[in-house]
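For reference, the structure discussed in these notes is given below.
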Amino acid sequence: MFNHKKELQFDAKPDRPDPVFAKKLQEVIGGQYGEMSVAMQYLFQGWNTRGNEQYKDLILDTGTEEIGHVEMLATMVARLLDKAPVQAQEEAAKDPVIGAVMGDMNPHHAIVSGIGAAPENSVGVPWNAGYIVSSGNLLADMRANLNAESQGRLQVARLYEMTDDRGVKELLSFLLARDTMHQNQWIAAIKELEAKEGVIVPSTVPADWEATEFSHQLINFSEGNDSEKLDFVGKQAPDGAANFEYVSNPVSHGEKPVLNPAPSYMHNTPPNEDKM
Amino acid sequence: MFNHKKELQFDAKPDRPDPVFAKKLQEVIGGQYGEMSVAMQYLFQGWNTRGNEQYKDLILDTGTEEIGHVEMLATMVARLLDKAPVQAQEEAAKDPVIGAVMGDMNPHHAIVSGIGAAPENSVGVPWNAGYIVSSGNLLADMRANLNAESQGRLQVARLYEMTDDRGVKELLSFLLARDTMHQNQWIAAIKELEAKEGVIVPSTVPADWEATEFSHQLINFSEGNDSEKLDFVGKQAPDGAANFEYVSNPVSHGEKPVLNPAPSYMHNTPPNEDKM
Amino acid sequence: MFNHKKELQFDAKPDRPDPVFAKKLQEVIGGQYGEMSVAMQYLFQGWNTRGNEQYKDLILDTGTEEIGHVEMLATMVARLLDKAPVQAQEEAAKDPVIGAVMGDMNPHHAIVSGIGAAPENSVGVPWNAGYIVSSGNLLADMRANLNAESQGRLQVARLYEMTDDRGVKELLSFLLARDTMHQNQWIAAIKELEAKEGVIVPSTVPADWEATEFSHQLINFSEGNDSEKLDFVGKQAPDGAANFEYVSNPVSHGEKPVLNPAPSYMHNTPPNEDKM
Amino acid sequence: MFNHKKELQFDAKPDRPDPVFAKKLQEVIGGQYGEMSVAMQYLFQGWNTRGNEQYKDLILDTGTEEIGHVEMLATMVARLLDKAPVQAQEEAAKDPVIGAVMGDMNPHHAIVSGIGAAPENSVGVPWNAGYIVSSGNLLADMRANLNAESQGRLQVARLYEMTDDRGVKELLSFLLARDTMHQNQWIAAIKELEAKEGVIVPSTVPADWEATEFSHQLINFSEGNDSEKLDFVGKQAPDGAANFEYVSNPVSHGEKPVLNPAPSYMHNTPPNEDKM
Amino acid sequence: MFNHKKELQFDAKPDRPDPVFAKKLQEVIGGQYGEMSVAMQYLFQGWNTRGNEQYKDLILDTGTEEIGHVEMLATMVARLLDKAPVQAQEEAAKDPVIGAVMGDMNPHHAIVSGIGAAPENSVGVPWNAGYIVSSGNLLADMRANLNAESQGRLQVARLYEMTDDRGVKELLSFLLARDTMHQNQWIAAIKELEAKEGVIVPSTVPADWEATEFSHQLINFSEGNDSEKLDFVGKQAPDGAANFEYVSNPVSHGEKPVLNPAPSYMHNTPPNEDKM
Amino acid sequence: MFNHKKELQFDAKPDRPDPVFAKKLQEVIGGQYGEMSVAMQYLFQGWNTRGNEQYKDLILDTGTEEIGHVEMLATMVARLLDKAPVQAQEEAAKDPVIGAVMGDMNPHHAIVSGIGAAPENSVGVPWNAGYIVSSGNLLADMRANLNAESQGRLQVARLYEMTDDRGVKELLSFLLARDTMHQNQWIAAIKELEAKEGVIVPSTVPADWEATEFSHQLINFSEGNDSEKLDFVGKQAPDGAANFEYVSNPVSHGEKPVLNPAPSYMHNTPPNEDKM
């Protein structure tokens, strides 16, 4: 069960409206690695966690915080859209600065959301749940989470470069910090889980299920052996089971596949036996 | 530039047709973490890599291999669909085993693809590029790759449980091994990059951009302090910059947001100043 | 800012596992009118509300509740998936009941989510934000909300018919009740807003913008005049501005459109002036 | 069966080309609440209507009209794209006005559709059927229809503000009028249906299916009791069954959910019994 | 402008309900090559046609017919869903035939559409406009149309194999015939256009824009020269400009790409100049 | 199995960066008819081909080449993005040329992909597999392929018009040539297959399955008989089975559909027998 506190977790007040930046900021609301993604990813992971109650609690706490991040960013977008110059005006059209703003806005901000935030990314594609994962395997999911916070903080850093507005930068500085924390916590949890289970996910695959002769081969699927110069080649692999082995030329371990002809009730092309 | 070799990387011959398992196997072809995803993710990452030529080579080699994995799985699906009982037959309808097969198949395998593999997941949703990422930041992307190989190997292990067919299991044993290798290699690369850059992505954010007072706080967004018992609480965070700090009760650092009224040309609800 | 309470708003314990019903229940989690939709729709509407603070509060309260509804349903799905018979077993394959369960499950529940809930609908299509709206116009959005709660309660009622499990029915009885409440509250709010603004959205369009001669015509775009027998034909329209007028035969008020030829730099088909 | 009349329902001739406005106008062709949505929504509702032949006729008439609205808007977009300055020209690049137009166009209008309309919204996202609903319940669907016409007319009004072109405004004035009519007719139909069935959808849920103690509670899921000041609190709810009851503090009626551990064949994280 | 005639173009009465076949039939309503696709594709093509009025008329006539095909199929689906066994029943669960039907239905048909047709394909994915094309080039689009009618008729033929219901087969026999006609008419139109313009689309590209030395090379991107045995190799190509030339080994005409390092404000991985 | 050669198939070096053109060029990477589409379409078709080994080889060769086309275009996009002016700069904002570039870029190129190519189209919609087809019927699929190469070459020609950059034009000249070749080869293959099978797909439908009285009727679904003037009307149809027959007025061969009332457990609107 959830509760709402009316105050924001952090301030979200730009120095001045900027509808063009509002469009860009949508990426960290409704993009692949925006706050909607981490909120939904963590909540589903938490709800699906079986046993491991402390991790479950950590994951749900973080997911709950992220809903509040969407809230801050949505508020910021709404304020950046204040006074958006959307009306047709003879003079405006002649002023290249105003004209550029009118063209560069996300049309949805004017036509659909009424100068409010939208659940979509910086090009206007709606958020979808194909971005997120909740697998039931904690180590796999913590890696998904570490990736999400890494991509997310990278995007925030790039947005920080794109604005001179101090109020916007202040909010972004808070998000940078929380993404640092969330990277830290997922790394810490990954270390704990790897210490117990080993580094290969899932840790529960019996050895005889796996064609282990291929488990440490770095196969060179290109001309030239540049990748052989990588430092880790020849050294022990992270799973500790063998050294990395370099295979210069990939070998086919299978045959050229020839499929049976389709049954006639499929209405595929009739086969031409003699020639093709 | 790419070249095709007609032999498969590994054998893909089931002991017998099984259209119901063919439907499930689609998940690792065209699902969120199927082989289409890793192939496309690695290729775009490789093509976009700037400098770091050895990593670029490694990433492109792996992406090239993954196209061949789609090929093996597509071939396997085509063979599992041989003799799919799709025709209406009075007797068949009365036989619950055949009836179940007819119902449990992916209808696309009969109606659309003509007993061939489809570029979609186990429920028939077409693959889309919103699943993948190529960010230009190698450490971020290696984490994405490690996650992808972890989720992918987990799904292969689950599919392994769901079949008794030795031919299918053999192909899956090969995929388990290659996913082990790919987890190993991305972990090795991550270690190298973290050793150089530190663990927080991106490593290039100046300290004064970040509200560092929030960078190590584990904030408890729920009733009860269970998450405080996590082993890493109070210890040094992975970035080495501070210890994890537990905050029992989240504090608002922002105000209750009150937005300006919309301009009349937005045609939002007219404000009712006196009461609401 | 949001807070999480570990107890559920209502119990979510089925009498027994039922993976086939778990698949169906996904519709009200991640379907077009599932709880993810109402949660996200209300939160974005609330965050974007300008003025009208009491409505803003009501909308955000309701959105916050709906996140907890996703939580209950996700928990229920996880429990319905307990002991899901996903392993291949010679005997199972021969038992039509177990066989049917294995075939009728959502494969994602086994392969992707590890017997946990997924952010998708009953056929496995991921939730997307194209389902929801936040327009900035309160009356328009309250109508969207009333529709969402009407469709949602209808789906819950249908699901209620499809199960004999008392635990599931109990949770559904709670959802039926909350959907009743939410229909009630949006109807009440709509009445208030219509009393102030009138019934046509948006209320702020000046009369001379509108071709009012067409504002009350029921135009019969089919052969036969059945629709003329509707009770409201000829009576005063809800906006009070005129009576409904029945137009038996639709009239074209425009011309046959003939477009200019494309410029040659478009590389469209070269025009064949003389004949076509 | 349908028939086409070559004349448009209303004129669609702009005073002059305007490729930037053409992009915006796409929202009401292929957006969430564009004319494709209402056309398809009404046609599917009509085809699925069982009994209630006069409503079926009304719905199909309206759906048929809406196809003609897509036609008018597509024609308008094609004309707005006449003479679109898509060619690279040294001088053009230096002229900020032409440069802005070239940048602000939807690239699809030049590259994909050959200066024709596209079945997509104002940011270029293709229309999809997840926008629409046909539920089989007339009251639910009439509410969906009223919402669609409200959102649609709101968007048309906003577009009206964004152009000075008299020809475009004339077409929009016609659409405003028809959206007024369609709001009027759906309100009239809703009143008729509510008079017969009551206001809660579906009306056919037996009383003992519903946990009616929760059917009139306005639960305050936030700090502070602002929402208690809403006029309707404490008064009779629209369903007439009880008064709205204000619940200041939400109460959990469920327990903290603890899920069973996953079976080993799921390959989830092995549980750590003693500690978590 | 469009008009609706209440009678169907052809009968749509199954001998008996069959909810499982209803699910499959959705493919030709809302699938990639279903009737929604051809209806929308032809209408947009027709509305966008510039000049060539007879083709415009033909295309719009055909698009108008296709809306009526959706209507027939939607009606058929609604009738196949009559008496769908969606209620939970102790006895039913034990009867494998009824049980199979309950499991194999599209859950949307019961939960969402109320035993009506849905605008989605046979696995429940909603129709989207990314399936269709209207390019402004008639020859290109006629080829798209011929492909659509070929894929569509193929799917109808496969569905014909999957049912024993005479009423369903009768409707399918009509669709087979109309798809034959539409293939015939697009082939005829393609021949006319090719006779005027030549076979390569677009016909308006000046010779000096094209690297014509590569315009007739069949490049063998695989080991072995099987494709050289194709009959047309060495013969005159359809454009009449040259003979097909077989290139056994693909040659790189470009260099190994080395990209410039990213600017620091992108926060990509810092380059490691000395080694990689 | 696939192999990668580090050299590009053709050069991909622009004369100078141009982030605005980079956005447009994405259409032929990740758009409906971009190189990702043809690569994936041909690979799946090839893998699914049963018998007809020479066609299978041709299709796979072409698919393999197309991956290399994505590579060239991705490299070109990366280079066009060099020095993208994404940073906020007081002076820049005042310079309309730089300002326009900042606004017209795809925000993903800066925020998400780090000045690299993205797997999406020119408006930023991610590529999805709903664009492609592999049906198992070679003639149907060759028509799909001819359409794809026709649309693709048309788009390349339009892009050629939109740039003055000689390096870009050079790459486009190569793509124009390869698209010419691919149109040539699919036309040649279509001719071979049509010679063997006839022109109607699928060729295997028995005559008595089809309502052949409708197989050659050009039905005029609009007022006026313009389409009767088409040259092919009255002449022999391409399938040689009959002449095209013109039907001026479409006739209903079916009845007005009246559906059975829904069962009460569907909770549709209760029927109002006496009046509607």
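Note that the chains take the letters A, B, C, D, E and F in the order they are written out, and that residue 1 is the start of every chain.
Everything below uses one rule, namely that a residue touches a chain if its C-beta (ideal position, glycine included) is under 8 Å from a C-beta of that chain, and two chains touch if they have at least 3 such contacts.
Every value quoted in this text rests on a predicted model; they were computed, and no experiment measured them.
Contact count check for A-B and A-D (C-beta pairs in contact): higher for A-B. For this pair, chain A with chain E, the centres built from the Cα atoms lie 31 Å apart.
One simple way to say how far apart two chains are is to compare their mean CA positions; for chain D and chain F this gives 28 Å.
The set of chain F residues that touch two or more partner chains comprises 1-9, 32, 47-48, 50, 53-55, 57, 60-61, 64-65, 75, 78, 86-87, 96, 100, 103-104, 110, 112, 114-115, 123-126, 128, 130, 133, 135-137, 139, 154, 157-158, 161, 202, 204-205, 221-222, 224, 250, 252, 257, 259-260, 262, 265-268.
Taken as a contact graph, with one node per protein chain and an edge wherever two chains touch, the assembly is complete, since every chain touches every other chain.
Across the interface of their complex, chain E is touched by residues 1-6, 47-55, 86-90, 93-94, 96, 99-100, 103-104, 106-108, 110-112, 114, 123-126, 135-139, 193, 196-197, 202-205 of chain B. Within the complex formed with chain D, the residues of chain F that make contact are 20, 23-24, 27, 31-32, 96-97, 100, 103-104, 121-125, 154-155, 158-159, 161-164, 221-224, 250, 252, 257-262, 264, 266-273, 275-276. For chain F in complex with chain C, the touching residues are 154, 157-158, 161, 265-267. The part of chain D that touches chain C in the complex is made up of residues 5-12, 32-33, 53-55, 57-58, 60-62, 64-65, 72, 75, 78-79, 82-83, 86-87, 110, 114-115, 125, 128, 130-131, 133, 135, 137, 139-140, 143-144, 146-147, 150-151, 153-154, 157, 160, 169-170, 172-174, 176-178, 180-181, 183-185, 187-189, 191-192, 199-202, 204-205, 209-222, 224, 226-227, 229-232, 235, 237-239, 244, 250, 252-257, 259-260, 262-263, 265-268. Listed in rising order, the residues of chain B touching chain F in the complex are 1-9, 30, 36, 40, 43-44, 47-48, 50, 57, 60-61, 64-65, 67-68, 70-71, 74-75, 78, 112-120, 126-130, 132-137.
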